[in-house]
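What follows is a structure written as structure tokens; I'll ask about it next.
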Amino acid sequence: MDEPALRQLLDDVASGTCPPDDALRQLRRLPFADIGFARVDHHRLLRQGLPEAVYGPGKTAEQCAAIVVELLSGGGGPVLLTRARPEQVTAALAAAAELGEEGGRVVQPGELATVIWRPAPRRAGRVVVISAGTADLPVAEECAAVLDALGLPPHVLADCGAAGVHRLLSVGDELAQADAIVVVAGMEGALATVVGGLTPAPVVAVPTSVGYGSAFEGVTALLAMLSSCAAGVTVVGIDNGFGAACAVARLLP
Amino acid sequence: MDEPALRQLLDDVASGTCPPDDALRQLRRLPFADIGFARVDHHRLLRQGLPEAVYGPGKTAEQCAAIVVELLSGGGGPVLLTRARPEQVTAALAAAAELGEEGGRVVQPGELATVIWRPAPRRAGRVVVISAGTADLPVAEECAAVLDALGLPPHVLADCGAAGVHRLLSVGDELAQADAIVVVAGMEGALATVVGGLTPAPVVAVPTSVGYGSAFEGVTALLAMLSSCAAGVTVVGIDNGFGAACAVARLLP
Amino acid sequence: MDEPALRQLLDDVASGTCPPDDALRQLRRLPFADIGFARVDHHRLLRQGLPEAVYGPGKTAEQCAAIVVELLSGGGGPVLLTRARPEQVTAALAAAAELGEEGGRVVQPGELATVIWRPAPRRAGRVVVISAGTADLPVAEECAAVLDALGLPPHVLADCGAAGVHRLLSVGDELAQADAIVVVAGMEGALATVVGGLTPAPVVAVPTSVGYGSAFEGVTALLAMLSSCAAGVTVVGIDNGFGAACAVARLLP
Amino acid sequence: MDEPALRQLLDDVASGTCPPDDALRQLRRLPFADIGFARVDHHRLLRQGLPEAVYGPGKTAEQCAAIVVELLSGGGGPVLLTRARPEQVTAALAAAAELGEEGGRVVQPGELATVIWRPAPRRAGRVVVISAGTADLPVAEECAAVLDALGLPPHVLADCGAAGVHRLLSVGDELAQADAIVVVAGMEGALATVVGGLTPAPVVAVPTSVGYGSAFEGVTALLAMLSSCAAGVTVVGIDNGFGAACAVARLLP
Amino acid sequence: MDEPALRQLLDDVASGTCPPDDALRQLRRLPFADIGFARVDHHRLLRQGLPEAVYGPGKTAEQCAAIVVELLSGGGGPVLLTRARPEQVTAALAAAAELGEEGGRVVQPGELATVIWRPAPRRAGRVVVISAGTADLPVAEECAAVLDALGLPPHVLADCGAAGVHRLLSVGDELAQADAIVVVAGMEGALATVVGGLTPAPVVAVPTSVGYGSAFEGVTALLAMLSSCAAGVTVVGIDNGFGAACAVARLLP
Amino acid sequence: MDEPALRQLLDDVASGTCPPDDALRQLRRLPFADIGFARVDHHRLLRQGLPEAVYGPGKTAEQCAAIVVELLSGGGGPVLLTRARPEQVTAALAAAAELGEEGGRVVQPGELATVIWRPAPRRAGRVVVISAGTADLPVAEECAAVLDALGLPPHVLADCGAAGVHRLLSVGDELAQADAIVVVAGMEGALATVVGGLTPAPVVAVPTSVGYGSAFEGVTALLAMLSSCAAGVTVVGIDNGFGAACAVARLLP
Amino acid sequence: MDEPALRQLLDDVASGTCPPDDALRQLRRLPFADIGFARVDHHRLLRQGLPEAVYGPGKTAEQCAAIVVELLSGGGGPVLLTRARPEQVTAALAAAAELGEEGGRVVQPGELATVIWRPAPRRAGRVVVISAGTADLPVAEECAAVLDALGLPPHVLADCGAAGVHRLLSVGDELAQADAIVVVAGMEGALATVVGGLTPAPVVAVPTSVGYGSAFEGVTALLAMLSSCAAGVTVVGIDNGFGAACAVARLLP
Amino acid sequence: MDEPALRQLLDDVASGTCPPDDALRQLRRLPFADIGFARVDHHRLLRQGLPEAVYGPGKTAEQCAAIVVELLSGGGGPVLLTRARPEQVTAALAAAAELGEEGGRVVQPGELATVIWRPAPRRAGRVVVISAGTADLPVAEECAAVLDALGLPPHVLADCGAAGVHRLLSVGDELAQADAIVVVAGMEGALATVVGGLTPAPVVAVPTSVGYGSAFEGVTALLAMLSSCAAGVTVVGIDNGFGAACAVARLLP
């Protein structure tokens, strides 16, 4: 309930159209549905410009399916299921299909799938997702899938690690034309710095848990990206391709 | 040297206007000036859309002054000296004045001043810098000063911590109209989550070293912001008001 | 042996009813039973107001069953088996049944069950357990089960994360009427701060290991809750729903 | 603005007593005063049962004085200035005196003073603050001072470390009669466990930064208290005597 | 080769009994056997008073068996295989039996067995191994097994955690008579402090990885024990029951 | 494209042999092949003196095979597949064989195999790989396999831990004659210091994740090696036998 | 009050010599003096075999002096003031002198002095304190001073770091004859391993905060010593020379 | 005493030239001088190819001077005093001058000076020290000073951070011709990766404590360098310019 609606409500009370008790009730009514184990937010798209995404881990397959159904019932925007295990995917697809929503697209099927229903229409904005190594691809793919769902299908550039600067320079044109760049890198995460130094575009860095030993499951890349000497690089959590996609959706006009 | 210039150079070689040896020399010439202890970058504004900022800590007052002079000699964009100690400020202001650049503005004089010469003209974009507590103000002020220098004077909202949600709701209109929001918070950094949940605008979170004991000099706020359940919040390093301002400059069109 | 009992003992010695050697022996006799691998505490209920709980991990199924049997033999108060694996549950239920204690209630059967025998009668006190996300529910349920056993069945409010402040405000009445609130949250744990700022009731915060990457298995939420800018919020260990329930039992009159 | 007030406002709009525009304005008016660098909360006492405390570090002496003045102007409850440096104390006392509030009491004058104006009247409830070593006393004293201000003057028991269990047993009666116990301990913080095992009262543990080397500025005591095998012990941040006092104020009826 | 042997060697050279080249060769000969993947130390018993123990993890079953065989061939002292997986135990027992060493005793068979051949004869010294909880028993048992092998069969006291001080006081006599005490505790490890405060005997503390969440796999207990306010408590690594037993063997005369 | 080639290209443009557009295209052409999920670097051998190694973890078997094929097609130098799971080994060997490259040598078959095709010819330089315990051997073997592939077959000395200094002294001659030494050690990593103190040769230390509890998966050895009081010891990441071998290849002339 | 005394008390009650109320009072009377900010333990020497030491940091000079006076009044054993700042030393010496205890010996005067009154008579036992570098000497000296006070004047061997193994071997005889060895080392702490491997004596390792950068204020040495591959080495906290001395006093018969 | 000397000694014993007792004494005599608080190593140059350097911190000015004097008396090689405070420099220069060694050169006078006596003659080998920012220069200068002393005066390239890749490419020729490269960088340390990817030379990376907040005093750069995706980069401790210089001295032939 935004301000014009609040104003309208009060006008209605003033004019007698709406009795005070009703107004009180309405002021309390909130834009979500309580389905017991979850409070499903039907207005997040309006409030944040982002779809509600169901994060799989820690939920049962039944809970995933029920939340997806509630969301699909609620409005017309995109609905996502992320980091889903196969049984969660199956349950959610089946439940959605019963509702008549057949078109769930499964990205990167396997242990950590993303499922998309009702992707948003294409928005303006050239987005590049660039990753350092082949092992960073799953996170980059999650990010790309979410961007797709948000109407921002990105160009994915794989295997451009900073140790081979010439590979990076070869994609200079694509970087130069991007309206937003997501850098996905594990190990020492130096790619964020080098890309940040080459372009005036907004750069969202995603540290990944790729690497072993001193990479410390992504902590090294995380700290390195936060300390980047390329000014104005921003960072999201480790392996958080979803968050980076949302950040891009926020910043593109 | 961008691609059209490279093309021109090669055309000149082809036409004989430029002998190969000269071209080779030019291809090697890079847009910075080597002043011994620093390589001053005169093209950063073009390449990154950001001014070169001289970071005070670890430099002598003489080094600060010399780099500022070199930068002021180089072009017409803004020049900044950040995190400067008083003797660095004095030396830089004096050296700039000799050059005829009298107008260095000192923000937050004291231990960690920012000095701005030749601020950029006003750009479009409403920016809000919101901070959690009074003790977070120095970082918020640094961020605001850099935004000023970049042509993006922000609205600063102080003392809006998440423990008093009503204080935050009272500034809801200002948040709703912002094109970009910088959240500055120490302790547990919950303000980033609450703001991120209220607005579709891009949110850049700056953890501060405010708090004692379990705040661990900003680590707690940093981790909390990176793990925010408000999707799409991005984070810069601890106390890095400068970085947040640059991130905003990157993302505004 | 409390002070009146000690006084009585000394009176008995003084009056000759009790020879010194017997008194010495009694002073040494302690209120527990040594069953080899455990010293079962039959007086904890009196001393701490809390039942002895058998913590499953690291014990064999046989050990769990034997301790449960010893406890059930000892007095009339509640007995709990927590974080129990299926084979531990089975063994303990069977052993208890042999003893004539049929009514063990299994909460949240699966990998981390809680089993309750002889729950305490209903005590006064309205307790709310509020959790941030659906994935935090298992910890919230453990906490609720232990509160149940202690005579304090709580109201559980699920999925009230701080990124959707309006969901939280919708449960404002329930928070306002609570005598004690347990906040269960992972990721950045901001819910503790927002709830702590809304209510004068005691707030016990339980960080959970929910979240990935920068949530660091609950460390982020733990540190955030300890650094909360809402004054007077207290914290228990990561995923320690049991401890939070005991803390509530201590603080309700 | 609580619910009855909201109901009244809506009634006034319905009856025409209050035009909608006025109601809108009132709905937006929030119970704090914006003094530029701070938003002073005049209703915290009502909302949280806790006074607003001005936390000294990171604020100028002028800022401290101005916030104290604003708070003293606002209502009749206690006002605190905590962790104040001498110049902050002096400025705040002087500003308060100008307002006619002469009675600021300075506790533990020196580097980290607490100043109290208008302490609350004596509330029911026996509180014990027990500390492990003499070096933990400053944190225990801060806690005691805040409890004093909240109407809960505690009994302070100093130097009862767990390595001398007999010293602890000697204060057993006082522990047994307490309605709430604050345990203040650095080094390995074992006192929290031993006290927690002896009493059914609520125990709030405050780790201190006392100790050197492996005490890691309080981290060791913090982790130990969070992992205490005495069930139901709760913990606040390192050296946070203020927070422990507020927690006690929350939990006493 | 100790000093008298060196003296003898030089005397032999002086007298012509031993040509210089032979002496040089002998000076280089060292008391171990190189079996390719291991250099088996036949003189450790003499040099350190400790048997060579084969640490299972990271070795193949064949390697374990071969090293055990080499050690059994070498002298008369005790030989141990620790932290052994079942296939390592089987292989080592079989290989030893072929050698005629039938008597390998397997302690705590399962995932982390200890196998002992040729235990040392009973030495003087009363050793107590005291553990905090039932879950700490496997580490306590490993320690006891190694003490057995070294001729120092200990008295094991289980489940004496510091939260139930009276359980601890009940074993006061046994502690008072001990020549050395090993304290095995996880969680917050407070038992080391309480025991250390009750007795003048040497106390070797073993932190265990027992506990979850904030126990951090034994780090909390480790730090707490290192910071113990009971002076003169010493500590070995997490779960290192073997090391504690060796420490006791070193310190008993 | 090195400088002479650049000079030649410009000469060709100057002479008209090469039209500017072609030159531009060539300047952009980079020495790698883009196979979708990877950019295969055919000139690394020239640029870094090191072969391209395919790091197995995080890649599918198909991706491993495809990259190996691309590399084998590209030039004549050594090709490595490291940390490969069995299905990756199988797929890569088969794909290579189809290409006519039958000779892939599998080192340390099992969970973490190294596969080598076309090992480099023997280079000058005596390299010693010395490891502290038998459990460190897998890392030492990986290092040795990579050195083999680079033409530097090392001498491997196993089980020379610092607690048995005499075992180390016995290999003094081999250390004295080495041109480079790799020290592989877990636990406390003291071997690096002792070796570093005995020899003037370059010492590359590899911390391993061997040890339990306080060894913290190699962090302890890593920190110890970085803090070694033997001057000039250098360190690579935890378990990074591959990196140590490459470091040796860089430093031998 | 030990067991015979308790027996006597009960006999007195039985015989009527002591009325029950008096006995109760005596049972409560504990062997310490409460001087307000400290509970001075007059029986620690009997209970732990260790003198009470006053730890300077966190105490005022007056508090130090008062506790020293109380201790000197209490019995005949040694009294120590450790880690004392100059004003603490001065105040304590003066207060002791007023009491007639002139002989306070100040060791290592300066920022971290140790003061000893009434050192214990010489006990049997050869103790060696060996330190790695000259910068470790202050910790070694503190340890030696406390050993002196306890009647165990040690032999201090300075600058025997593990990088120069020959320096260590030169003191082999002294190590071989020691009944207990304290190893004091910072940086990587390898000395503990090498010494532990050379001798069967008990080895107490003290990590020091010597070193910079990756030595992490002693954490590196601490972890290394805890992970030592020399079995049976025990460890005390960082820079805890006092604790190591007490550990030695515990373990010598 | 190396092997030929040992052989000679034994020959002398065999021939009667040297009585066994003398030989024994000589075998014990080690190549250092014990000056009480230090054992000065006169043969390090021979054994390690490195001069003995006196590390200032933790030593008194008198200790520094005495060790320098002992070293200058001992042989002809270079002597260094590192990380010296002004009073240490003054004392050491004076003491050396008394000895007739006037030529101590003070590099980077101020808080952390290096002093060099008797620098080694110029050795072959082109060394480049490249640093990321001006604030990294003190560490780079320390490294350069030590290289100078070792006969390897390096080329220092300042301010070549990875965010301005073109600045780095401009020094490509110098990198290409180097026999060894030291990379000095703080913040995220990405320079090590980029340099490591451009050159086949040995690269020794020195993380510096430059940067604030998330740079964590050099830990971020340290971890990033250890995890570098440029194979074969080695790392020394934080700010350890001295160690990097020694590493270079070891690896150049």
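Order as written gives the chain letters A, B, C, D, E, F, G and H; numbering starts at 1 within each chain.
We adopt the following convention: a contact is a pair of C-beta atoms (placed from the backbone, for glycine too) under 8 Å apart; a residue touches a chain by one contact, two chains touch by 3 or more.
Predicted model only: the values in this text are computed from it and were never measured.
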Set of chains adjacent to chain C and to chain G
D, E
Which other chains touch chain D while also touching chain G?
C, E
Would you kindly say which chain has the C-alpha centre located farthest from the C-alpha centre of chain A?
G
So the centre of each chain is just the mean of its C-alpha atoms; given that, what is the distance between chain A and chain F in Å?
38
Find the geometric centre of each of chain A and chain D from their Cα atoms only, then give the gap between the two centres in Å, rounded to an integer.
40
For chain E, what residues touch not just one other chain but two or more?
133, 164, 196-198, 213-215, 222, 226-227, 230-231, 237-238
Every chain pair meeting the touch definition is listed as A-B, A-C, A-D, A-F, A-H, B-C, B-D, B-F, B-H, C-D, C-E, C-G, D-E, D-G, E-F, E-G, E-H, F-G, F-H, G-H
Show me the residue ranges of chain D that touch chain A in the complex, using the header's touch definition.
6-7, 10-11, 13-14, 16, 19-20, 23-24, 27
Complex contact set, residues of chain G against chain H
133-138, 158-160, 164, 166-167, 169-170, 210, 212-215
Within their complex, state which residues of chain F touch chain H.
3, 47-50, 53, 180, 196-204, 222, 226-227, 230-238, 242-243, 245-251, 253
Please output the residues of chain B touching chain H within their complex, sorted ascending.
28, 30-32, 36-39, 41, 44, 55, 57-59, 63, 67, 83, 207, 209, 218, 222, 237-240
Which residues, counting only chain H, touch chain A once they are in their complex?
132-133, 161-165, 187-190, 192-194, 196-198, 211, 213-216, 219-221, 223-231
